[in-house]
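Next come the structures, one after another.
Paired with chain B in one complex and with chain C in the other, chain A is shared by the two complexes that follow.
Then we have the complex of A and B:
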């Protein structure tokens, strides 16, 4: 007995998937934006800080990177409100978690980028009389961004895929929409085929866009 | 509070054993499948190369969670009834296999063409070229990212809890369901995952250093 594909029910409930995809993107964009700020600040701080600050930043990075995201999501959503007097919705809780999570990965990316900026460029900046602050802003950061762009693209796309974990705390993003259709229509193969296609197409559009940015900046060198 | 957690330790230990068992299965199965398919990607005929390329790019492009639900709920629809444990292992293995394919492609691709040509010139067969010339050199390139990937497998195994398998993650959730001690138990769980994965990443760093004396 074969399984006859029938996509009608999927299209009837397609708003669940489309709305889900938009929410996934929203979660990803906000978390990545906050993560980039965390990553930049901590990476710059790390390379110029003393031993204690370095140890604290390294502890944050290593802890987050070695614990499953799903556990962190549970911890922030179910655990944290039991010890601090805070109330937040599931989407807010997830954005908070993914921001802290992406921050840890981005510190690593930015830190290795800062280390990779050739020493001569910084010395040159010093030689023409730039202040330390100007050297950071006009020499080291732009050079670092150019070096880290490929690694950044990969991190961004994998963070976008990580938004699927938000479904475990019932945030109605794409994976949650897929599960809803799965349980309510039982068109299982169809819904996951469509969902897979949506993740793939979105991921590749992001990749394509980021590659364009990379090429644009490589040419400027 | 502490009493309840100590009471739950044997239960958590069982869950932890499941986490390790799932991770081990995924790591071993994906290593075998990934190396075979990776060799197919680098040396195979064009149709095989395309098939592996499409497999790898598709699998790596979707969230593991979606892949897991697809395998778990989708396989019965095409007549394959796997217990949830094996469905979960199967999905995680598919994902890891795609990664291993890429590690292998990168490692083998870094070996200069001359090595292969020299081996061919002295009359080694394809299998001999791989075992005596290419793989020993590619190994040190393959190892560090692969061990890093092992930590991903341990972290990824936490997702099997969503299929009702009592791994460490699920065990923690069940103990919280009984005791309502959410924060201490989540922190305990995080520390356990951290201890395993941090040990693995230290090992990977040590291996990287161990092989760093070889220059290109």
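Then we have the complex of A and C:
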């Protein structure tokens, strides 16, 4: 191999990567938080709603799941402002897109979790005289959470990685930082090695944290 | 909408209750009365409608016609000419007056033994946390599980879970306790501890309607036994009469013969 690795230039511009990582995390956290709210509300609505509402929610989920995220990002950032009178920054646009995107995936996770709560537990909630809202709050949602935690962890990690797509609309997150260093130093191997390591380590830390939560909940089964 | 108390002295008064799942008639004009303090056992072959009957009493299942009254009050429907289903809020309030113990325990897995009992006490009965806790501890003591108050269901044996299930139901001070094959999911060696708890509640005068396959227990603990077959009440009477081998009821005779053949 005639290529000699030289990381000096990477370390000189490391603030681009570090700042990028922090922004990636920020984009992920906000989008996931909004996505969880969308997912929970729609999932609960879905399982108790009639055919029309179900069809509308299913259509939303299917649309998002069958369109590449990058396309949605373009649509919202370039397309939407030309049709309606809206102005937003690239990061805001991306958070908006990823929130709606994660919401669709999370509806599916929560909905299947709600369906998986054993009928007997709901009967037990009825039998002691809980109202429908109390059953949802104190019986069905806690049971659902325990069932969905593993799937939820996977979705969260996946959504964190999806923040790299924000680079296509010049949001200065981690991948964008890596591209900037590559264009300015031509150390393509080094910069992507370091960036990969940063995604990996962050992903692992997230996974480790989520597994801890899972274990706590599993102990409580 | 007059809800005048019924003149019948029975605590539970079922009259001509019928129910069909599609084309299958699960209950055919079932009538059954349970007086205060009585322990009534329902036996019969599987598919005879026993469990459905029980689930109609607290309206976990709706019924198509007839009436079910507890303490004179119609359970699932408003007492109007049009037979309107009660609101969910009313149904919840009605259900709080009946306790139910399930075949598969159905404890809330995220709550401790005490937490399972406290949920209804705090959310339905409006008791303060501390009071609910002491009631829960009292009942856990009654079922011999005082030391397991902070254990999660997964940490308990089947027999222990079922005793928590019983404590959860009786802590609400229901007018009647419904027991749905509560020992069927238990290992044989755990059946005794659960039946002992039921027995002690019966001795305290708790009114009970119980579906069971434990014939010896039915014989010893019941005031009356109801034999169901094909969705109908085929025979009712004191245990001695119903469990007599020489009964003239042919379906009952077949059932008992088959039961004896498989259990002895």
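Throughout what follows, the second predicted complex is superposed on the first by the 220 of 221 C-alpha atoms of A that agree within 3 Å, B and C clash if a C-alpha of one lies under 4 Å from a C-alpha of the other, contacts with A are read in each partner's own complex, and residues count from 1 in each chain.
As a working rule, a residue touches a chain if its C-beta (ideal position, glycine included) is under 8 Å from a C-beta of that chain, and two chains touch if they have at least 3 such contacts.
The structure displayed is predicted, hence computed values, not measured ones.
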| item | value |
| --- | --- |
| Superposition on chain A - do chain B and chain C clash or fit | fit |
| First, second, both or neither for A:188, with chain B first and chain C second | first |
| Touching partner for A:139 - first (chain B), second (chain C), both, neither | second |
| Contacts of A:11 with chain B and chain C, given as first, second, both or neither | neither |
| Touched partner set for A:63, first chain B, second chain C, both or neither | first |
| Touched partner set for A:128, first chain B, second chain C, both or neither | second |
| Touching partner for A:118 - first (chain B), second (chain C), both, neither | second |
| Vertex chain A angle, Cα centres of chain C and chain B, expressed to the nearest 10 degrees | 100 |
| Chain B versus chain C as contact partner of A:168, first or second or both or neither | first |
| First (chain B), second (chain C), both or neither touched by A:199 | first |
| Chain touching more of chain A, residue-wise (chain B, chain C) | B |
| Closest approach of chain C to chain B (Cα atoms, Å) | 22 |
| Chain A residues within the chain B interface of the complex | 1, 3, 62-63, 65-72, 74-75, 78-80, 82-83, 161-165, 167-168, 175, 178-179, 182, 188-189, 192, 195-196, 199-200, 203-204 |
| Residue numbers on chain B that touch chain A, as the complex places them | 58, 61-66, 69-70, 73-74, 77-79, 151, 154-159, 161-162, 169, 172-173, 176, 180, 182-183, 185-187, 189-190, 193-194, 197-198, 201 |
| In the complex with chain A, residue positions of chain C that touch it | 58, 60, 88-89, 92-100, 102, 104-110, 119-120, 123-124, 152-154, 168-169, 172 |
| Residue numbers on chain A that touch chain C, as the complex places them | 118, 120-121, 123-132, 134, 138-139, 142-143, 146, 217, 219-221 |
